[in-house]
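Chain lettering (A, B, C, D and E) follows the sequence in which the chains are written, and residue indices restart at 1 in each chain.
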Amino acid sequence: MGLTDLVALLSSDAAIQIIASIVKILIIVVLCLQIPPVMVWAERRAPAMMQRRKGPNRVGIGKFRLYGLLQSAADAVKLIFKEEVVPTGANKVVYHIAPIFSVFTAFLVACAIPYGNDITVFGQQISLSPIRLDVGFLFILAMSSLAVYGVTLAGWASNNKYSLLGSLRASAQMISYEIPLGMSLIPLVIIFGTLDLNKMVIAQSAFPWSWGVVRAPISFFLFFICMFAETNRSPFDLAEGESELVAGFHTEYNSAKFAAFFLSEYVAMFVLSALAATVFFGGWQVPFVPYDLLLKIAFGLDWLAALVGFLFLLLKAGFFMWVYVWVRWTLPRFRYDQLMALGWKFMLPIGLFNLLITALVVAIFDTVTRH
Amino acid sequence: MLFWLILFFPLLGAFLNGLVLRKVSPTVSHILGTSALIAAFVCALLTYLQFLAGGGQAQVITGMEWIEAGTFKAPFNFILDRLSGLMLLIITGIGSLIHIYAGGYMHEEKATYRFFSYLNLFVFMMLLLVLGDNLLVMFIGWEGVGLCSYLLIGYWYEDDKNAAAGMKAFLVNRIGDIGFLLGIFLTFKYFHTVSFSELKQMILSAGAQLNGEQIEAIGWITLALFVGACGKSAQMPLYVWLPDAMAGPTPVSALIHAATMVTAGIYMMTRLNFLFYLAPTTQMIVASVGAVTALFAATIALVQYDIKKVLAYSTVSQLGYMVLGCGVGAYSAGVFHLFTHACFKALLFLGAGSVIVAMHHKQDMREMGGLRKYMPVTHLVMLIGVLAIIGFPGLSGFFSKDEILWRAWTGGDQYHIQWGLGALAAVCTSFYMVRLLMLTFYGKNRSDHHTQEHLHETSVVMWGPLVVLAILSAAVGYLNVPHIIHIPGLTNLLFEHYLDPVISIPPQVAEHWHHLHAEYPQSLEWAIMAVSVAGMAISSLLAISMYSNGFGRIANSLGSAFKGAHRVLTNKYYVDEFYDSYIVTPLRDMSQFLWKVVDVLIIDGIVNGVGQAFMLIGGLSSFRMSGSLHRHGMVMVVGIICMLTVLFF
Amino acid sequence: MSQELLFYSFAGLIALCSVMVVTSRNPVISAIFLVGDLFLLAGLYASMEAHFIAAIQILVYAGAIVVLFMFVIMLLNLDPDQRSQVQIAAPEVGVLALTVIAFAVVGGMLVFGQPTGVSGEMTAEAINSAGGNTFTVGMVLYTKYLWPFELASMLIMLAIIASIVIAKKDRPKSATEGDKRRLAHG
Amino acid sequence: MDFLNSHILSITTFLPLLTALAVLLSPSLGTARWVSLGGALVTFLASLHIWFYFDSQTPGLQFTEIHDWIPTFGIRYIMGVDGLNLLLIVLTTFLTPLILLSVWNIDDKKQKAFLALFMTLECGMLGSLVAFDLVFFYVFWEAMLIPMYFIIGIWGGKNRVYATTKFIIYTFFGSLLMLAAMIVLYVLHFQQSGVYTTNLLDLYGTTAPYNTQLWLFAAFALAFAIKVPMFPFHTWLPDAHTEAPTSGSVILAGVLLKLGTYGLLRFAIPLFPQATATFAPLIVALGVIGIIYGALNAWMQKDAKKMVAYSSVSHLGFVVIGSIAVVSGGAALSAEALTGAVYQQINHGISTGSLFFLVGVIYDRRHTRLLADFGGLAKVMPWFAIMLIVATLSSVGLPGTGGFVGEFLILLGTFMSNPLAGATAALGVLLGAVYMLTLCRKILFGPLDNEENKKLKDLTPREFAYLTPLAVLAVVMGVFPNLFLDKVKPSIENLANNFRNYRIVAEAPIATPYLLGEEHKEMGR
Amino acid sequence: MVSINHYLVLATFMFLCGTLGVLFRRNLLLVLMSIELMLNSVNLVFVSGSRLLGNLDGQVMVFFIITVAACEAGVGLAMVIALFRRYGTVDTNFLRILRG
């Protein structure tokens, strides 16, 4: 096989797609791997800020302390190189699989977010999400519903009653809140008429008054609550409530596997934030700058426009990440029965009601506009 | 219009009294009931006069359709002819008198609305019976009067005996009614109509050649209908209900069980005389039953102590005469006796009722006696009544009874026995009626002191009707004077000719009957009359001598001399006991057997046995039930595999 | 070529997972393999252009049903000695053999029989031109199968109520005497 | 109006079912009562609509509704009314509100369920009356059993489980035989015509071979004989009646049993005419035995309700023999007897229904039904006495009540066909009087010697409300039978004269009530 | 080319596994899981059939089957819990209430 063949092979349509996919996946993975360190730093600096103290600000390279940003890097290194202890009586296989599963699902979901509008490379249209499905929306729901396995299995495999309790709580909680989550998102599917996330973003346009949050405020409200429950974050962090269950499902985890859980949790947070941005806040749309205009501003270079959009998406998602942190240090933890009651007796009925109203309004609106 | 009012008034009275005005005083219900009937009587009288003025031709009054199914038709059609007209007058007329009387008789009762409602309903039903133009409308009345009789006999229902008597009356009547029903079925089967007028036309029209089957059927029809008549007119062997029916209030006995209802059988046979003429066998049976009943009941009456029982058996006996009359083809004589009997028997019953009221509802004649001086009017009218019934020359019974006996003798040689029985019964009749009179009104008073103190004549409400009836009893006989006696100003056999349009001898047998009538000399008739008058006189004298002062020596010694016969008679030939032990009890035992053994043990046993057999099989086969899910699943899978294998290879 | 590769690899994994589901001694492991099975099946569905079903498969089956299984397994937290053993006695062996043979026969018929049809009649292009898999399934579901769909929703409601009622706690706390006797028999 | 005329049967049939749903959803028992009564009354009104718009000139099927149900098997949704079922439909809808009134005062927490079950039962009964498709009919026929099973099984007396199990297994056994026969008929029709259909109107044209007919007829007749019930399949009835609550007994006697005789007329006889002619003597014999046997058994009963139950056996014997009185050498059925049978069905529903109500009235007060515990009630409960006597008289077939018209016509027709049977059956009239008057006498007459009986109250207005219509109707049916007979005449004559070759056609809906005069009718057309 | 037979063979194998699981596993939960396995094999047949026939009825059927499976699992698991509460075991060896 000569060089020409290789070039030919590499420039064939399929190859371009494959290469693009690999590149996209790499980018996503790298991106996601950067989230925990930043967030760890943020989660330390933010409360410090709220509590009028300094927080980590020492670690740096020489004199460049970078507001303690490198503290996270140090922690990561420490965590990875720690000795690995597997508890006796643990189910070894499951014990090992669980964190992998966790990370795996988190990354899969991350792959389905549209990070920018489609771009054209070598005459090939390439979407900016690694997994581009016309049921992308369902895919995200499906994959995020799998996230519970990691937690559940971890708790069970640890052979520790606190872990088990934590995982039981986690699984019940996640199943319970998955339903309102779905309920809160379905109205948007009805409104935008598509399951393709990128099309949803396009449908929202660049103007905030046509974004999802304006069109379906109740949905956003529900989704916002579910975001916390789904990621087991405060105020719904009962699965790991340290005052009750030591550390919940990951009590018996340490070293790299603990890091994996850590990673998956932050990735999940990011994914949900990105999803919120995508569905409710116009995704990669630059506010008040329609894509056509953006394209013109970017000298007609679609990759540049996409990059700008990507940055805006990160910005929007970042806001929600910040809200996570903010809420964590603001609100107390729920009690378990309150959590369940909230989910089943409050969120679900409202979600159903919201769904019904939305469907009605859309149906009436459609009928009116058609005639 | 007037005609419909006849029917309407009694029904209205019954409705108002029975369902609407339940809380009113007895006087109001009495006035209401009575005035309804008097109104009906007035209407009936007017209608009747109108009818006679119009030439007295039978007319059919068409009413609404009633039952219509397939080829069967039974509309509410009514027939107004000389026979039903007469009955109309008897029913409403005597009924009115009895209603008036009942007000006095029942004045101690608290809630008489029920009584008058039943009475009015009875009159309505009776009117339906006599007016109906077809067998089915007649049957409504036929059963309806039975119902009213049931209700009235059981009027004092708190006494279980009365309720039982009412039920007995209803059931025995029902036996007859089944005969009547079968008669209707047969009639419809062979003649395809149940209307009297159509039937009559069919039988009488010269062109109608009845085939053998139909002739034979007529025999059965008449026989079946006669069974009905037996039930209603209390003939052997179905007479048993009538004596028991005396449990009802006395006006009821007078109206229903003497004057009207019980004569329904005679009315029906007269109405269908053209059929009976064609069935000589039935006629023979009818005559025999009538004669036997007349004598049989008369003998029982000889020894009864209860005043109403005597009258009851007397009624049965007199009905026997009427039936005998019908049996020998002397329908007009039968009806005439019906008429006279209605007058004097109503009189007797009402008189007896007055006595009973005076005696504080004691009915035993052994406690009476000498009432003549306390109740002169009652005594007088009762005397007239007794003389009328025993056939004292000049009074109505004489004319009517002797006519029947004469016609029995002349009906043909085969009827001489029946005549004998009838004559004998007449002798008995005079005896027991005179005995009744003597024991009640003559001699010393045998009642207790308390009763004696309160003995007095009844009020005018009660004796007024009695006087009217007494006059009628004395007078009506002259309507049908036999042709051997000539009374100036009176046409002989007025009544018989009056009924001629109704009595229609079919052409097939006409010759035979005309032949019969012409055959006998006048002297024979005189002789026959003399025999019965003599018998009457002798037995009356015997009774007077025996009972002129209570139970005399002769009476007691006769009683002890014929101890066995006396006991048999006192116990009414043990007929009730016979029925009870040979019909009712076996039926009851059989029913008990059917229920306890056949139904519960055998049939239900089989049903439950099948169920238990399955449970047993199930229990046995459940040994293989391990209860293991996997076993079951495996069996299932193996089964499916086998099935699929069979299916595909 | 790539499709066959995909199929064979997935099929192999599915078969493996299926075997593991049934043979694992630990129910949790079984459940994990079941999830794997479902996941892989979803992959197969996706390869057959049934994206909607694939997503639903994961969403409902893997995301809800098996989680429920897992939840119950953990809730009951069975003692090790009560974890199931495969007991094989003589009749069971017979049934096992018979079943396997029967299925083998069916499988053999399928392997060596003529393919009754070839894939590819529902190509990605055809589906996309009709509005996408989800759209087309939706059209069929809400027109032709509207009534079954409504009935299915009723069924779900009934199942929800039934599960709540059955699993509610206010039933007799302990086994009655009769139950104990039965258990003793068992 | 067109809509109403073309859907009135569906409306009538399924309104009760909707009512049942509404009853279940009503917040309180009070509401549920009114809802059920309202639903029942509206159903009654709907059935009156059928009654008034029914064309009494034609033997055809009216208000027909035909829709495909399971087209693959030729199963359809066919409803229709002709003279044979018209009266029964009205009877059913008429009795239901009365029964609801009779349970108005029952106040336990399951009562709502009772009302709902009852309305469901009404739906089942109406459905099996109007269905003209075998499968459709069968569905209703079985659906009817379920509510009845619960009504007896939950609200019954102390031996209720035995009674209800017996009832359901017995009837179900019969139904299964019928189902088997239906399938055979279905296949036979396919073989003859090449069309799979369960449409009764088409199946009438099937001519099964004689031997097959015998079997099929036997299966159908057995199913209906059990339902009727005919001697000797009657033993479930006394048990079911005795254990059932009053309301259950009324509807059981009033309508459910009639479905057996109705089925005989609708299915067994016209579908298998040759077999009918063959079996007629046997069935008539059993009917006559049933009349006498039921009467004698009733006479012996000590329990008032059981007595009335056995009287049903006897009375339905009349209906059975009336349904199958073959005349003219087997060429036709007696139209008189057939009319009587149809009429007697209604009349029995009225009279026995009211008898059960009346027994229920005293049972409510005294909690006993033993005749020995009563006596002399006429004194304290005069209106009750009047009602009981009217019901009794109607039951014994006194002329002037509906019972007479029915029994008379039946006996007349039977006599024309078989004098011996007619004469023997006529004995039943006598025996009927024997036991019914015994009942009356033991309850109403005689001394009022039981202390508890002296305190009894007469009928309440509510009891009047449901007893009076029955009493009035009993008399009206006796005096104006043509009101009812006119409507059914053409259908009956069609069946009677052509049962050897029975056909019935579906008529187009009509628009003017036939209550109006002739000139209006012309205008309406 | 992947023909329908490929899928069918795979489905058959899955079904076999499910059947054997139902027949030979003593844990009720495992039995239920095996049933899910069988249902899934059927789903596979439906989807492949749907592709073969070129219409979507098969996929709709799968949709319904999934619905029913969800119901079945919900009720089934509820019953398992109830059984466990009452008898303290979910081993079918000990649950033989239907024993004759």
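By our rule, a residue touches a chain if its C-beta (ideal position, glycine included) is under 8 Å from a C-beta of that chain, and two chains touch if they have at least 3 such contacts.
From a predicted model like this one, the values you see are computed outputs, not experimental measurements.
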In contact with subunit D and subunit E alike are the chains B
Length of the shortest touching-chain route, subunit A through to subunit E: 2
Among the other chains, which touch subunit B and subunit C together? E
Looking at mean CA positions, which chain is nearest the middle of everything shown? D
Among the chain pairs here, which one is joined by the most contacts? C-E
Using CA atom averages as chain centres, what separation in Å is found between subunit B and subunit E? 85
Distance from the mean Cα position of subunit D to that of subunit C, given in whole angstrom: 52
Could you tell me the distance, in whole angstrom, between the mean C-alpha positions of subunit A and subunit D? 70
Whole-Å distance, C-alpha centre of subunit A to that of subunit C, is 29
Give the residues of subunit B that touch two or more other chains, as numbers and ranges in rising order. 627, 630, 634, 637
By the touch rule stated above, which residues of subunit E touch at least two different other chains? 19, 23-24, 26, 93, 95-97, 99
Could you check subunit C for residues that touch two or more other chains and list them? 52, 56, 64, 68, 75, 92, 95, 99, 186
Of all possible chain pairs, which ones touch? A-C, B-C, B-D, B-E, C-E
In the complex of these two chains, what residues of subunit E are touching subunit B? 19, 22-24, 26, 31, 92-93, 95-100
Per the touch rule, the subunit C residues reaching subunit B in their complex are 91-92, 95, 98-99, 102, 186
Subunit C-facing residues of subunit A, complex: 91, 93-94, 97, 133-135, 138-139, 141-143, 145-146, 148-149, 152-153, 155-157, 164, 167-168, 171-172, 174-175, 178, 195
Flag every residue of subunit C that touches subunit A in the complex, lowest number first. 26, 28-29, 32, 35, 51-52, 54-56, 58-59, 62-64, 67-68, 70-71, 74-75, 77, 128, 132-134
Touch list for subunit B against partner subunit C, complex: 627, 630, 634, 637-638, 641, 644-645
